[in-house]
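Labels run A, B, C, D and E following the written order; every chain starts at residue 1.
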Amino acid sequence: MTIASSMPERAADPTGAAVVPKMLRRQRIAEAFVAWSLAGPALVLLVTMFFLPVFAVFAIALTDWQFGATTLSFIGMANFREVLADEGFRASFANTIFYVVIVVPGTIVLGLAIALLIESGKSCRAFYRAIHFLPFMATLTAMAIAWEALLHPTIGLVNQTLAGLGLPTANWLRDENTVLPVLAIIGIWQNLGYAMVLFLAGLKSIPQDLYDAADIDGADLWFDRLRTVTLPMLGPVTMFVFIVVALKAFETFDTVQVLTQGGPGHASEMLLYTLYRESFEYLRTGYGASVAVVFLFIVVALTLIQARVMDKKVHYQ
Amino acid sequence: MSTSATHGLGSPAAITRHAILLITGALILIPFVWMVSLSIKPPGEIFHASFSFWPKQFYGIENYTKALTEAPLPRYMLNGVFVCTMIVAAQVLVCAPAAYALAKLEFPGKNLLFAMVLIALILPHEVLSLPLFILGYQIGVLNTYAALVFPYVVSPFGIFLFRQFFKTIPDDVIHAARLDGLSELAIVWRIMVPMALPAIIAFGIFSVVGHWNSLFWPLIAVRDQNLMPPPLGIMAFKNEEAGNDYGPLMAASTIVVAPLIIAFLSAQRWFVEGLTGGAVK
Amino acid sequence: QEPIKLRVTAAPSNVSEMYKALATAFEASHPNIRVTLDTTYRDYNALVDATLRDALTGEVADVSIQGNNKIRLYVDRKMAVPLDAYFSEASQSAQSTLSSSVASVGRFGDKVYGLGLSVSAPVVFFNLDLVEKAGVDAANLPTTWEGILKLAQKIDNPSSNTLGAYFTYDQADWFWIALIESQGAQMMSADEKHVGFAGPEGLRAMQLLKSFGQAGQSKFDMPRDQVRQLFASGKLGILVDSSGSLGGFEKQAAGHFKVATAAFPLLSPDARLPAGGALGIVFTKDPERQKAAWEFLNFAAGPEGQTIIAKNSSYMVANSRVATDPSMLGGFYATQPNMKPVVDALPILDGWYAFPGQNSGKITNTLIDHMRSVTTLKVEPEAALAAMTRDVESLLPR
Amino acid sequence: MAGITIEKIEKTFGATPVLREVSLKIADGEFLTLLGPSGCGKSTLLRILAGLEVQTAGSVAIGDRVVDGVRPKRRDVAMVFQSYALYPHMTVQDNMSVPLRMRRLTAWQRLPLLGRFLPGTKATAAEIERDVIRTAKALGIGHLLARKPGQLSGGQRQRVAVGRAMVRQPAVFLMDEPLSNLDAKLRVQMRAEIKELHNRLGVTFVYVTHDQSEAMTMSDRVAVMLDGELLQVAPPQEIYADPDDRRVAEFIGSPKINMLEAKLRDAALADAAGTSFTVAADAGPGTALTVGIRPEAFHLVETGGPNVLTGAVRLVEHMGSDLFVHLNVPGTEHPVVARLLAERAPQIELGQTLHLGVRPERLLIFAADGKRLRPQGHAGAKVLPIKERMQ
Amino acid sequence: MAGITIEKIEKTFGATPVLREVSLKIADGEFLTLLGPSGCGKSTLLRILAGLEVQTAGSVAIGDRVVDGVRPKRRDVAMVFQSYALYPHMTVQDNMSVPLRMRRLTAWQRLPLLGRFLPGTKATAAEIERDVIRTAKALGIGHLLARKPGQLSGGQRQRVAVGRAMVRQPAVFLMDEPLSNLDAKLRVQMRAEIKELHNRLGVTFVYVTHDQSEAMTMSDRVAVMLDGELLQVAPPQEIYADPDDRRVAEFIGSPKINMLEAKLRDAALADAAGTSFTVAADAGPGTALTVGIRPEAFHLVETGGPNVLTGAVRLVEHMGSDLFVHLNVPGTEHPVVARLLAERAPQIELGQTLHLGVRPERLLIFAADGKRLRPQGHAGAKVLPIKERMQ
């Protein structure tokens, strides 16, 4: 058999050149169709479960609707003006920022420290991992009750222990100066395990080679290894933990509701609680919706800004 | 790490490690210890100026019996299991194909879709509850299991996590599957999902923890007690006006959190692995 | 004939057994009415939210058993049905057992919109062990604020971590109303344009709160749950709280210390007290169902229903006739001396006032904030009252 | 059985062209190797043949069917991937069954539980199992059927990948660097095995590699690719001995061919590296040329002269049977490398001066644009037609 | 400058022994290659030298200092890793600075912000920068200093890794398969560069590889390792030409050495593969032996006879200058492979019968236990001392 005779004859087809691009285009369209039919359900659901409701909230924010009322009227930006002028809202905003500023770094630093400690040895890893992850799984309303008892100003374990050690005690939940830090500690307590697990996963994916290289290069003190290898390599995880924990911190609600109801005064009021209270306790749905809009705006903006700022410093593979 | 790993259990570094972790672990466990302790105490011993873990009079049987019978806690737990299973199943069902498309296919609008996923990831669900309630009413599912499930069938976090994990699966495997004759959907279910099992387990735990403990939406979406979630069993003993019934309340709390702990303990290996491959890269 | 299916919602969920018993007994005596009971609402606020949500979808319950202070909400939204016609018809019938106390709890304006079913009243709790340790005889418990505060000072002992007295002030605006109305004053002017407590009664109330603060409360300002934990632990001598807590206290104190109650001191002959607890509201607009709904409420407020409520909860029943008649619950309450202050208070129990307008919820919180500023001794009573008056009036509808 | 006709295939990713007008005819049953450095577009071309990637322009025919727009499944091609791309969660047997199940069972019959009870499923499944076992036995992996890929060695995985491709008897085998993940020893062994597989099956093989020894030893023809262009398509010997293009000459051969910049003195003589070479070039004096000399074309001579390079020994590499001698020759940029048979070479010392002669017919002359300048009347080395050489 | 003395090093992971009584002396300035198949324990030995792993028994001395228990930092060794292990988040310059910063700056001076203001930091930092730039220039990566590893090609990364090792002028260089991530062409080029680096620095190199051509071309001596044991340590030529052990002979050489099972007929003749070989063995008739013949030891002869193998051609591989001919020889399990020079071999057809002769002195005879049987009075090929051969 010679090479030439085994070749097909289609090259002679004069229409071949025109047919080809058409077929290719059809194939490309078919490919996009497949992709969209895979992503389609998710897209439709994302729109109906997330984006339409958000628009509905936007719309409600422009009205004076009260929950359950049969009438409402369009009042434009009045709700927003009121929100921005409201002292309670401003306190709530400041508290939320304060809380986030404590909880996020606290969770990240402690979560990382515990992850490093767990990973630095071989024994009991699963055990330590599990107990530190426990708070993340517990029903917070139930745990808040336990916290309330622990923080009791006279018969609580915390104050009794402090008093026993001769340290000053405090009325944790009813003192303007302590209530937010206490909530923040509970927030850290709850999210710590989550951050720890993510960091553990991150640590596992750092190649051993880099530590060997650091050893050879002389970076063999824990401090140097941390700075030369561990921390930079954990950059992307930290970024992820940061965003997730920040979002969770912004959305803190249960502890406030069970432990403090935002008090004393507005000292522990936080955005999601304000939103809830306006909408469901005070039944001022239109106003609550405008709080929601402002809340969403703040959360999205801060998350994006922080992500952008950190993104610059984070190394990606 | 080999240099530090070569130190045995008895070295100062190892002892310090255990000491610190035991202390932090103990601190973290205090509320849980408190919870379990209260759950076995009689009402008269619940609040005492002096503490003891073990009660003078063991009252666990009474408290746990009350927790299980006063409200239909077992029923709530079954609801929890059913609803969480449905939610996780639906989420995997919806998210895996979308994540596959985002990770491995090229199509117009891909970046827009991914941006939408990221924005949805940021939106807190509580804010959307009222419109979702009306939506549930419009589609006529309120007060059914479906009402508990439908807002969660798509999870932006799931799409995100799966996408990250799928990206680590080599293209060649997909090419091989196409040559072998698998359709794109078959590739998702027969190749990607089995290979991403750790990520799916990790996601499953997150999802189950979230929905098992949630009270906010179920109380809005359903009013039939037979559909209610586990935390309602705790709420039955919590009352603003009359005061909390602490013993059964804590017993119910213990019962509600126990399945999650067991699930986590039995799946924790995959859990960390799943995250290693996914979110974290 | 088809039996009428009545949908009933009720809160709070921790007494759902009681409601179930009530419904079962009702169905037994009214074979042509079936009750679909829904008691998943953990507190009165949750039930309000759910009811309003149901209003959105047009599926409001026929009857709802709600918190005493919620009537106005439903009247404002034109949801609650006035019951005067039914009430007057029923009370004229010979065998009626409804007392006027049942209606007064549910009165708003000049109409009755709800039938009181269970009530709680503000009372004073004593830890008898501490009282006796302070050298006071349990039979001679003080009945005036002055006496209470003096006893508190005797009990108060920082070295053993014992607190003398605590005045609960954060159950919405309930205790503020109690302080004002127990002096015979009104919460608001008749036209509801101005507050009624800007005068001497308000100041007296504030001064009383300050005295509690000085007696020790200021050091340990606490949320309600923590106060109750403290009382249960035996480290609090006197507690001003809702009578609803009695059951819990008695259980927690059992084998530990003795609890006694005394009436909330009244400072005026025309003193009234706000009633906590629950009342039944009719929402259905369908005459047929309205009638069935009334039957249900009438049953619940009657001897049979009230007995079920008394036996299945620590609530006081709302019907004073049932409570005092020895052939009904009179005997039962005779065996419960701690309930006596509530039984005695039944005739003067009044509706739980609710502020008008969309800011009523906010006003409630404003009241609490100013009360706290006084009990914690941060602000002088005069200044606090002035600020309270100003803040509340600015939140009233203009 | 099918040949492949590739016509003016172009491919761009975004704006960067990866393939430029590639045309190629592959005969039925031929073993064609695509050889080129990393990133030159070999895999892209192979994937276009398989239908995994869509070309930007041009057309592909397999057998006498134009397959543009035809799904991979319907092209009757099988592919072995560099990473093997085995399904890690399936046993070897399942891995090998997939292509058959997808083709022989209907969608209904493939349903997880239900499918098993449909008529015919059982018979077909048994048949598939038979075929898989037969193929596995033929490849010597019959005992591994129950294992998962994670439990196999590199060579075993490679065989499973081949098995998965083989089991459905495709008309065309595509292989994308199937040996590059193996260690050197195994590579040599598998090379022979794949070649034998080709001889046995007799179907068309398109084999991608950047390893020239693979290309040289296995192929009927080698297609040398650089930057998305096919530079030369010819039998291995011809590619080596008679390259068309300077880049081909430089790419093929290890150690690399020595390239000396030369200037034409007259039509028959060029000066380079301090000596003169006998060339036959149809150009004016002073034209710049490049003289290429393969390392093994050198032999030791006693003294300098025309066609002899002289320099000092810079490095001696011992390669078992051979010796690579690196020489610093004045006038050249890079050291000149000569390959001498170890046993015939005398003891060579570093720094010692050597004279390396080369026969004029072994000189490869390239014009400035890289095109080969061939002696008059010479159209390429004589090479036998494929079928005569391989049986 | 320091030699290395390894004495009876043992290493077990859990219960599995990975190194068994490895002893080795490496001379100051020597280039020693550890050669062995994957998993034989090469990296483990290297890591023990570096101090990254602690041996189970035995002792290591660098120079005249026993370094057991000494931290890697204090051993004066540098290491280049297979994966390069560059810090991906640092620029090339920072990567290369790390070893100097860790040594020349105190812990205080290394503190993130504060450190910059301590006395001396600035001067030392400037000095470090100077050294890094000098080293980078020497390696031809001066223009890459501001890039991160992700932006470099494989070869450039490799150079950065070498630079990081070089910059602090260690007495010993350890390299763990530094070229295995590069493609074939680059590998050849980097091979020469590393060898020149060694010549220039004159310090001790311990080089790990499983690639024999690397071992053969670069080393002063090669240590062949198998299953955690050193089988032979000798110059490359000697390893190739005069292996001590059957396994060494089989491991070295590509294509693999042909091994024929033989039976001694008398003290001077052994029968194998249908012919007889001239051997010199001190054993009784009937003793089983193995005759090893390197592929390039064959030459074509006209007819059969003693020391001539006869068989049918099964496969011909063209390798540019060489031809690998696979012969089915009756009585052998595997085909016999011969390497013939392409230009001297006549046209060979598949199936054709060939006669391959071998000179008796090129036969390698092994006893049944794998030990080499040497002709009387022969103690190994003559090899020059290191310093004479390389300068």
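Rule of thumb we're sticking to: a residue touches a chain if its C-beta (ideal position, glycine included) is under 8 Å from a C-beta of that chain, and two chains touch if they have at least 3 such contacts.
It should be emphasised that the depicted structure is a prediction, and the values quoted were computed from it without experimental measurement.
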Number of hops, chain B to chain D, where each hop joins two touching chains
1
Given the two chain pairs B-C and A-C, which is bridged by the higher number of C-beta pairs in contact?
B-C
Please identify which chain has its centre, taken as the mean of its CA atoms, farthest from the centre of chain E.
C
Approximate Å spacing (C-alpha centroids) for the pair chain A, chain B
15
Find the geometric centre of each of chain B and chain E from their Cα atoms only, then give the gap between the two centres in Å, rounded to an integer.
54
Starting from the mean Cα coordinates of chain D and chain E, work out the distance between those two points in Å.
27
Enumerate the residues of chain B that touch no fewer than two other chains.
2-3, 47-49, 134, 235, 238, 244
In chain A, which residues are in touch with two or more of the other chains?
31, 145, 149, 155, 212, 215, 220, 317
Shared-interface residues of chain E (touching two or more other chains) are 47, 51-52, 71-72
State the interface residues of chain D toward chain B in the complex, per the touch definition above.
47, 50-52, 71-73, 77-79, 81-89, 98-99, 102-103, 164
Touching residues (chain side chain D, partner chain E) in the complex
37-38, 183-185, 188, 192, 195-196, 210-213, 216-218, 236-237, 240-241, 252-256, 294, 296, 315-321, 324, 326, 339, 342, 350-351, 390-391
How about chain B: which of its residues touch chain D in the complex?
170, 172-173, 175-182, 191, 194-195, 197
Hey, which residues of chain B end up touching chain C in the complex?
43-49, 70-71, 133-134, 137, 142, 219-220, 223-225, 228, 232, 235-245
Could you list, by residue number, the parts of chain A that touch chain B in their complex?
31-32, 34-36, 38-39, 41-43, 45-54, 56-57, 60, 110, 114, 117-118, 120-124, 126, 128-143, 145-147, 149-150, 155, 157, 160, 189, 192-193, 197-198, 200-202, 204-205, 208, 211-212, 215, 220, 236-237, 240, 247, 250-251, 253, 272, 275-276, 279, 285, 289, 292, 295-296, 299-300, 303, 317
